[in-house]
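After this come two complexes, each holding chain A, first together with chain B and then together with chain C.
Presenting the complex of A and B:
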């Protein structure tokens, strides 16, 4: 009984962590380049909706994911124009996009899906990898995931490799720490930041699409429920390091899953306290009470050449 | 922003004078464009635009009741917006209005339900208002303290504090030990009991059925006070100095930490007052999502105003009426109120994106 509940808990913790892992990993790279996308939640929500719509229309969840990622990239592109070229306040732009995403997805959902909102949309099947399933306790939870869930871990590895071993990664780090010096060294600050934001868009798109097409096989209004903010929090919590960020995402996933486990175990802990736990942890983390992490020096500061 | 020589400063001042119309023009034009897009979207759904506008107008100002309800909404938005511009005078961005409203409303409800109801001389509603204001002030001040003591970015901390406040409200209406009303029948929802009549804000026009309450006077006083402090007081000047250059201000002998904490405390307190007024003025009992959307609306109002208290009043009225209208549009013309969210999002993005037009010449 307890074993079974643990397996369910671990499984749901992982599933809840996956979208945050995607979004946080992309956001981490963008922030290393100096651009904070508060619009992450909006990108995820738009992608979740578009993926659901495209998957429903074409019958292919893969096309759904592709469409979701494209829309998230489009949002990221506009965010990049505003925050890099027009040097707008990155935080304000992000909040604007989140309001816009909530409004447009809610509106379109009611217009398009309104009458048939109960039907599940085509989604991915769980892979059920036999060699993973044999691991005790965590095995079944690890094995019963969709392919997209494993992609999220792959993206963490890829992002780590990009940052550490590629010239683009070097450019990202340089631009986020000292854009003026990077500019003098011949690195295009604007181009690097555009690519960083687009990268965040792709991954946020994957995370959003995972929610609708892989996890729940449906779209619901405001279905991200602030997952994008949680991802940004995870980046801060993880000290802008891909592995610590991954750990923070897993922590948030399990903290969120606790709200299902605690009542099942008949423990008398208010659900609300579990809901606010990730944010409280994050607040403690950014206040610098847990280790000392330093944000990229040029984070949220627009760069103007020769200014 | 720092002028190196007097000549340059004069040139910049000239440029700023030219820019005054632009600073009014940009919000006005973007609002009109966004509303135009909203109308196009309504037309695209095949709904009758005329019918939608009619329903919208009816909801905004169709009766004394609707006008009163719209202005009541505007009151809370104006207070959050004032809080936003107060903090932004010190170059601090308070995006935690939602959490500050939530804390204000929750503590005001607690005060109204537990003790304040029997107080004489109007204290029955004044005490809950004060308690709500203090709760919001603490919530905002916490972000100010973290900024001053630990260098924590206030945008992120106020946002996180909102995400912490909302589950607290949820908890308070879920738990019978806190504010949840005792279950009387099977359909009892997780919400607080209704506050005593004595703690409800007195109506301004009790005879014509308008729900407009004395919150309007409170907001009007707040507008004047914030305007005086920001434009015509040493405190306003000091906040500005701290915001523009903390290091220079510190060298000039100012306790910058104090001003950072003060700015965020006042900002949060105004949001808390807005939340308290929502409960005491119109909603009368606490629900878990009573603050839904007001924080962001108030933030948008603050942004649109570009730091002017008069701008806050105009923006708050605009959004108060927009919200009332959109709700009625959804009910009677079946146009989703999300259209108004789309318009709001567009307004914020366009104004943020056009900041380069209004700010650039000043810095050059």
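Presenting the complex of A and C:
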């Protein structure tokens, strides 16, 4: 009984962590290039909605994901124009996008699906990987995930490789740390930052699409519930390192999953408190770690060439 | 045929003309020095050649082809490289990573860079550990990385903007030797400096700039150094007095002690007493390591040292902008270590901070507001500001200290650097009580006239019985003004010389960590 519940808990913890892992990994790279996308949550929400819509319209969840990613990239592109080219305040731009995303998805959802739609939309099936299932305790939880969940871990590896072993990754780190030096080394600061923001957009898009077409197979208003903000927190908590960021995302995922485990174990803890837990953790993480880990020196600072 | 040809280059920043109709030829295989005072347009000229700025008028050709770089990337592509006054290295990356930046293939190949570094080490004697992190290197080593970065691509033209300003004497020699090596291999070097001693040792030709114009270009063989100085400052050498003697530093000779009729008052009781001062920066790196120092009344003590050896931190601590980790600082009997700037001011300490723009004044506010920044209450009646009284007081102070501005109400930003600094000095020297003055890099970025004024103020303060601590990276400045010079190395004082016993060689040796000479 306990084993079974643990398996469910681990499985749901991983599942809940996946969108945050996607978003945080992309955001980590973008922040290493010096651009903070506070609009991450908006990108995810728009992608979740678009993915649901496209999947419902075409019957193909894969097309749904593609559409979601495209929309998130479009948001990212506008964010990049505003914060890189026009040097707008990155925080203000991000907040604006999030409000826009919440308003527009809620409106469109009610217009298109009707106010109380519970119709399931076509989603991905869970893979069943027997070779993973044999691992004790965590095996069943690991084996029964959708393909996108494995992609999220793959993206962490890919992002780590990019940062460590490619000249693009080196350019990203240089641009986020000392854009003037990078510029003088002949690197295009703007281009590098655009690519960084678009990368964050693609991954946030995958994370958002995961929520609607791989996890719940439906769209609900404000379904990200601040997952984008949690992802930004995870980046800080993880000290801008891909692996620590992954760990922070998992922590948030499992903290969220406690709301299923605790009632099942018949412990007397108010559910509302459990719902609050990940956000409380995020707050503690920021308060406790923000001063200690060193953020990229040029984070949120627009670059302007000068003497 | 000349490698680089500039014709009619003009560059304006707003209403200010930084360069005015510059025409110049740079030959292949020559070391060409650009000489001029601060603000003469030397750096702007370099930035045009390197594509950082674009000219408003005029054209350039490189190797006979038109040359109009829209950015550093394009200049690099054409074989023009530049070592900037402020290094362009990413501090938390390794040497190899910095060298790969902007030139690597899709996947990084650190091995290729290391092989190339070994070649350059053999050719020019430029050796450095590829794995070392930039922020762990000394200033001289960082500059070496910059030069290696420039030479990696086998350039045609190497531009060095004030490369020796941050170096200690031994490192300067090595750098000048590298310049000659580069020229010997058929490449051209443009070297910007305001130190004549260096020019006579390395240059084939020298171009003198003043206020954005070329005054003359001379071949160095048989050239008259004195006439170069005259071209540089635009008046006779004598009139600028000790400053020029100091700045010129021909052949590294010690300039004569300024003739100052009153002579230094023999130092009296201790006004500043620092004992066993320790400071660790936020990363835990020790910056000051048991520094002890006494400054008496009526005495100017100079602190010499290569930048980054703790003098900046010492200045910050004395100003109350950083708290010491251990040790005591006593000013006139009051313990001020770790006190707030207000408490330190109340103890009678005047501060001319190193970073004038960030710390000493608020550029957006008016001159009057800046002059009484710490004494706002003085002109307040029933909580309302009495502006006319403040303006009157400000006018008097500006007259006393020769702060030139059209009115006390103009913004601080509209003043020249020299007048800003005079205003800062006016404010600090008008404090009451006042027993001690800290002057950190007080002449950085100022022109000759303003430098002389600052020196005179500092000397006058000393003659009035103040204790003065002068922190400066200009050895000539320290030797011209100080009564005593203490040398800081790795957060400790390693030696001391009294006026009359100053010598560049001795101080230089101590600056590089060699014990007493």
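In this section, the second predicted complex is superposed on the first by the 282 of 307 C-alpha atoms of A that agree within 3 Å, B and C clash if a C-alpha of one lies under 4 Å from a C-alpha of the other, contacts with A are read in each partner's own complex, and residues count from 1 in each chain.
Simple rule for what comes next: a residue touches a chain if its C-beta (ideal position, glycine included) is under 8 Å from a C-beta of that chain, and two chains touch if they have at least 3 such contacts.
Computed from a prediction, not measured in an experiment: that's the story for all the values here.
A.B. asks: A:100 in the overlay: touching chain B, chain C, both, or neither? Say first, second, both or neither.
C.D. replies: It touches chain B, and chain C stays clear.
A.B. asks: Is A:188 contacted by the first partner chain B, the second partner chain C, both or neither?
C.D. replies: Second partner only, chain C.
A.B. asks: Contacts for A:210 in the overlay, against chain B (first) and chain C (second): which applies, first, second, both or neither?
C.D. replies: After superposition on chain A, A:210 lies in contact with neither partner.
A.B. asks: In this superposition, which partner touches a larger number of chain A residues, chain B or chain C?
C.D. replies: Residues of chain A touched, chain B against chain C: more for B.
A.B. asks: According to the stated criteria, A:276 is in contact with first (chain B), second (chain C), both, or neither; which is it?
C.D. replies: first
A.B. asks: Is A:237 touching the first partner chain B, the second partner chain C, both, or neither of them?
C.D. replies: So A:237 meets neither chain B nor chain C here.
A.B. asks: Could you say whether A:178 touches chain B, chain C, both of them, or neither, answering first, second, both or neither?
C.D. replies: second
A.B. asks: Touching residues of chain C toward chain A in the complex: what are they?
C.D. replies: Going by the criterion above, the answer is residues 43-44, 47, 52-53, 71-73, 76-77, 82, 84, 87-93, 97-98, 100-108, 149.
A.B. asks: Which chain A residues qualify as touching chain C in the complex?
C.D. replies: 165-171, 173-174, 177-178, 180-188, 305, 307
A.B. asks: Flag every residue of chain B that touches chain A in the complex, lowest number first.
C.D. replies: Going through chain B, the ones touching chain A are 41, 45, 93, 95, 146, 150-153, 155-157, 159-161, 163-164, 166-168, 170-171, 174-175, 296, 299-300, 303, 336, 338-349, 352-353, 355-356.
A.B. asks: Note which residues of chain A are touching chain B in the complex, please.
C.D. replies: Chain A reaches chain B through residues 38, 78, 82, 86-89, 91-93, 95-104, 106-107, 110-111, 226, 229, 232-233, 236, 270-273, 275-276, 279-280, 282-283, 286-288, 295.
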